[in-house]
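Note that the chains take the letters A, B, C and D in the order they are written out, and that residue 1 is the start of every chain.
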Amino acid sequence: MSTFIKDFIEREKMSRRNFLFASAAGLTSAAVVGPWSATTAHAGSHGGWSMAWSYRDRASAYWNAIVSGGEAYVESLGMSASDMTNLINEGSSEKSLADIKAFLAKNGGKGAIACDANDSPNARPVVEAVRDAGGYISTIWNKTDDLHPWDIGDNYVAHLSWSGEKPSEDAARLLFDKMGGKGGVVHIGGIPANIPAIERLNGLKNALNDYPDVELLDVQSADWDTTKAAEVMSSLMTRYGDNIKGVHCANDNMAYGVIEALKAEGITDMPITAFDGNPEAVDLVMKGDLLATVFTNPHWGGGIALALAHQAAIGAFKPSEEPNAHREFYGPSILVTPDDAAAFKATYLESTPTYDWSDRWGLSAGQIQYK
Amino acid sequence: MLEFKNVNKIFGPVKALSDINFKVKKGEIVGLVGENGAGKSTLMKIIFGAYQADSGTILIDGGQTQFTSPRDAMQNGIGMVFQEQSLIGNLSVMENIFLGRESEFKRFGIINFKEMEAAAKYQLAKVGLEIDPRTQTFDLSFAQRQLVELAKVLTLEERTQNDLVILLDEPTSVLAEDEVKLLFKLVNQLRDRAAFIFVSHRLDEVISLSDRIYVLKDGEVVDEVDASIAKPENIQSAMVGREIDSGYYKQDERKDFDASSVILNVENVSVRSKLESINLKLRKSEVICLVGTEGSGREAILRSVFGMETPYEGYISYFEDRSLSIRSPFDAVSNGVGYMPRERKIEGIFSSMDVTENMTSSQLDNYNRFGFLQQNAERKLAREWVDRLSIKTPSIAADCGRLSGGNQQKVVLAKWRSSGAKLMMLDHPTRGLDIGAKQDVYGMIREMSAAGIGLIVVPDTFEEAIGLAHTIIVMKDGKIMNAFDTATQQVTPFDLVSAMT
Amino acid sequence: MRELLRSNYHWVTLFVLILLVGIVDPNFWNLSSLLILLGDIVPLFIMALGLTFAIYIGGIDLSAQSMANMITVIASLYLASLGLFIVPFCIIVGAVLGAVSGLVTTRFLVPSFISTLAIGGVCYSLAQWLSGNRALYMNAEKRDALFGWMLSSSGIVPNILFVGAFVFFVALIIERRTVLGRKLKAVGAAELAAAASGMKVTRVKVLAFALSGALAALAGVIFSIKLSGGAPSIANGFLLPAIVAVLVGGTPLTGGVGGVVNTLVGTAIVAVIRASMLYLEVAATHQQMVFGVILIVAIVFTIDRSKLTIVK
Amino acid sequence: MPIIVLLVLVVFFTSINSNFFSLRNFARIAIAASPFLMVAVGVTFIILMGSIDLSMEGAVSLTAVTFCFCFLFFGGTLASGGWIAIVAALLAGALYGALNGFIHAQLMIPSFMSSLAMGFVGIGATVLLTGGGIVRIDDDVFRSLLTYRLQGFPLMVYVAGFFLVVGILIQKFTILGRNLYAIGGAEDLAAASGVPVKRTRILAFSLAGFYYALAGILQVAKLGQAESVTGANLMFLSITAAVVGGVALWGAIGGVFNALIGVLIVAVINNGMVVIGLPDYLQDGVLGLLVIVAVILSTNRSSIRFVK
């Protein structure tokens, strides 16, 4: 890696103090020696349990935040961040399952894993594999409704999710108010079959009930992708033109695309809401390009998911003795609006809060509800 | 001007060339003959810089050299006219002529096509070819391409102070008789501009064109004869190491056909822009040879009979069975019609597949039991035919692509014979084969005819046609000009040529 | 000897890789974990087997992934009603759609690269439509009753390996012992010669794509059973690894060479390379790059250049 | 022929929703098409040789990110020397392509495999550089490529147009360009005539890399950001576009102009499907079918004996 990019990253750390970037940069510079120094994770300090996070990819701020949380927990045990294994499934459920099995095999089953199964049906085989190998796992986001930790046993410690519906509804209300309670709105959705995508669309629809004058003109999926979102948005401009008074996006990345597509049209005052609360998005909220985004505190989520698995593994608590509300619960979500964006950034982004990982359910937003 | 002294070339254990001494004088035409595998191509490749000699010296105008690449050889005035032509169809004539040397027309990195066109015109004039240099090459006739080929080589004149030495590798094998005459006339005119090395299997041509002839055998120069006194027989015996008996075409094995049973009846068949109301009958044991120039319709007849071309008028009936109609190669093969295409390597054999697989490729259904192959039976057949045709192959499991041309041809023939074809069509069956292999092919043709198979052959030379055929059909522009019955009349090449023109 | 080595480069590559990873972390050599490693890659392997036939005749099948996606949805939807027959049903669906790509390629002369990609798009739309754009899960009892055995293991051998082995042998027999297999080889080696020998080239090619489709479908079924569910995008990430498996195994895109055995080895190579990320503890941000580099090295060692005159 | 397909599509979409036929919408299509076109042009050079290049996704992401990093490093504005980033990115692209070509030609690996692997390397390198983060550029001067319009079209469209013309010139009037056709037509013969085949191949891949870099820069101009997925989905789409436009995968047929038509066809379909309000779950299928039809219409069947 050419040197100037390295010290560029350094300067980035200084200037933006954006923990995401810092951690990323930390990884990259550490990585220079990384791959071939095969240090088998030193046992003991973590009770002989190796820890891993299995997630989609390194290509988004969201997952980086998740990972940073996991690493924060590992470091809180006095280990180095590199002691947490990254199992990257690159959007392939097949690989995600294979990696987790391989990880367990490598550590003779003594593995504490946090995982997003990438596609909900994949959750069952994953947790079954972990149970059979005697490891411990907690999952986030994707799992089918018929799968519950208490049915699997102690090895499936907990499932953590974020109700997309309520926050997305709040965002929508904010959006509609900004639109003056009337006019057309379009929804740019994620990969349609993903649970978050479905919930966030539902949230919008719930809000619509109270706004008779707001019309949902169109719903187009842009697969969470910035480029596709930009193209879909500009096509929608052709179809609906000035009838579009507001845009409701299922995540930040797509919102970036929408903003740029509109910028190309010379439109800069269109109210747009997003989801995820990535630093870039928060900056946009502060600049007023984005009306609101929903922060789900992935850093905490990533940390606590791993913490639960590991603490159950070392026997710090016995999952089966916990109420269901502690086995399936929602993580916190904060609506970031122009008013509180600055304060929010100060507390969550510019300084990483240090969490007490033994306070397992402190930020829980209640037990997961199924419809 | 070009001289080889004790040149050796070794491939692994094989000594491809040993102590070759070879000389070309200014303005001379030197013939180079030898059976396949005698080392001709290796020698040419060394002359042309594609290979480098392992030992020995190469002199140009007395100066010692060693060509590192064809490009390097060209710089030194060595040009080559390839057997399988080296023009690229989708490029224009001028682009082909100057392919690899466009830089001469470069202005600030941009090619100046006007200049190139003019230059191309100049080159084409040398070979007396009047065509627009911008025409796409695949629109040209074979003969025209051959001339463009030559023009391309002649561009060397402008590029090197050395005198030219031009290798002609089998230049006539794809040309018809009159085109060959034209080419020879041209070569003789060009004597003052270049010396030629003329490589061919057709001894008569070599003798008539060259001044001196080198005979190669097993990588050595076994004879060097003055063409004016050379006799085909002697040269052949030198090449083969044995006397060629007068019965070269196995006349003695010739059987008369049985006029009563017609196995193929082509009635008034026309194929758009290829054939015009063709009528011909093929009888049991009969050998019909089709002669004519490229595109005179010989191939079109074979392909229509084989179901690859669909006539827009006329009717083809097989084996006196009106009910039987053939619309695809599949129909043809399953009804005992066999076809040996000209492009052996592309259409004839399956390289990377073994001898057995090649032999049964046209009759898999005979070895099909509930979709499974009876491979033992296959191998049995393969062994049987390898012995029967004495096919030289390490084993029946050897990659067919690595056999010599002659043996590949034998495999293809074996394929059709063994699948019980009753009607065979052979397109240039002896193309590029050496005398030994040729004779074997003739033998097989006789044998097939004796076995009651009717054959339509597109021969390599008039002599072949005269030697083999019961009936010779002369074609021109998709029409049948004339038919000769070799039993009743003595046919000479001259008769054929005059019939063609 | 040299010949022997050249024709077995892919084996050499595989064993060298296993050796290297094992040296760094001996746990890798643990037999049972190796077996698990193989068991997990079975669906991918079956899809790769299918692709092998398409590539064997010099084509390519880019619809395999979308096909599997759609099949996971179909399987999840109809397992309850069709029971065991879900398997043949899905295979037939796959074969038919595969044949369609084949027909488009042969009849209308659309390169298989495009036709299969397009048919893949159709599959994806069908999958989204059938699933109502939701992740589906199977009727658990049915799944356990009918296919539970597939997910358990006999001793240290995951039963799914037997499934993989069975499909492998079927494919091997098709390639080596059947008339169809021979015709596939012929068409791959020299299409024109095959035509001149009276083979129905078009039909053979269509069948090749049908086979590819059928096996992609089978991969989809097994995968959805494994996950006890399906979704229009759940098999994403199959396609490139499957293609890589075929190529690394030594079946070049020129056709006529290679075969299902090569794919077996190729898939194993891919599995090992993947696992090596973990065993060599490659940093997260390095993994993809390392994968690419190892891949290039592996290909350099695997493919037999002696047969290639021109490299396109 | 492909042009007719394009016109038919335009008429079709217009007939359903007249908004489709408007300068503003054409501008939108043009914006979407510009980076995409650069990729298609790049890969066309490779396809003309009868080879294939699957590395574009990696190349575009890598060059886009390289561009952003340099741009910010040199002060974050064009004025402050950000233009150096443009040079750097184009250089990076060319080098990446050269490496790609080297591995293919020199190590004798079929381009399908080598470029596929190089694609992984490219994306991997991008992840390495960004650590997975997003790099944003908000320099209004640079972004004017998107925001400033001439005759209704943003500047980036003219940039793409300019390099399209350059591409056509390279193809028609340079030795490299002509050699591509020679190699695609008959590589062995070209070699025998002294065409430096390997060098040509490596050069061609570098040229392709250069165009991928252009795509990367335009992508940043369009979205104001770069990340490791900036090049996503370009691989199959760009090759499809080239073929739809009439470039033959077996080489030597068609050219850069065909790539343009192909890109426009695909872009028009993508835009049109939304404009006429086709449900999103149908769009992949419809695109697929339309592509098949377009290719059928735009291939000259008489010239081919068989396809693979």
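The criterion applied here is as follows: a residue touches a chain if its C-beta (ideal position, glycine included) is under 8 Å from a C-beta of that chain, and two chains touch if they have at least 3 such contacts.
Everything numeric here is computed off the predicted structure, so don't read it as measured data.
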Number of hops, subunit A to subunit B, where each hop joins two touching chains: 2
Of A-C and B-C, whichever chain pair has more C-beta contact pairs: A-C
Chain whose Cα centroid lies at the greatest distance from that of subunit D: B
Chain centre separation (subunit A, subunit C; CA means) in Å: 32
Cα-centroid distance, subunit B relative to subunit D, in whole angstrom: 45
Cα-centroid distance, subunit C relative to subunit D, in whole angstrom: 29
Where subunit A touches two or more other chains, by residue: 24, 27-28, 31, 58, 192
Per-residue multi-chain contacts in subunit C, two or more chains: 128, 133, 192, 285-288, 290
Multi-partner residues of subunit B (at least 2 other chains): none
Arrangement of touching chains [line / ring / star / complete / other]: other
Interchain contacts, given as pairs of chains that touch: A-C, A-D, B-C, B-D, C-D
Residue numbers on subunit A that touch subunit C, as the complex places them: 24, 27-28, 30-31, 34-40, 58, 67, 82, 85-95, 97-99, 101-103, 105-106, 108, 119-122, 124-125, 128, 142, 144-147, 191-195, 198
Contact footprint of subunit D on subunit C as seen in their complex: 57-59, 62, 104-105, 108-115, 117-122, 124-126, 128-129, 133, 191-192, 201, 240, 243-244, 247, 252-255, 285-293, 295-296, 299-300, 303, 305, 308-312
Footprint of subunit B on subunit C - complex, ascending: 177-183, 185-186, 189-190, 192-200, 256-257, 307
Touching residues (chain side subunit B, partner subunit C) in the complex: 308, 328-330, 332-334, 339, 341, 343, 346-353, 357, 360-362, 364-365, 367-368, 371-373, 375, 415
Residues on subunit D engaged by subunit B in the complex (per definition of touch): 169, 173-175, 178-179, 181-182, 184-186, 189-190, 192-196, 252-253
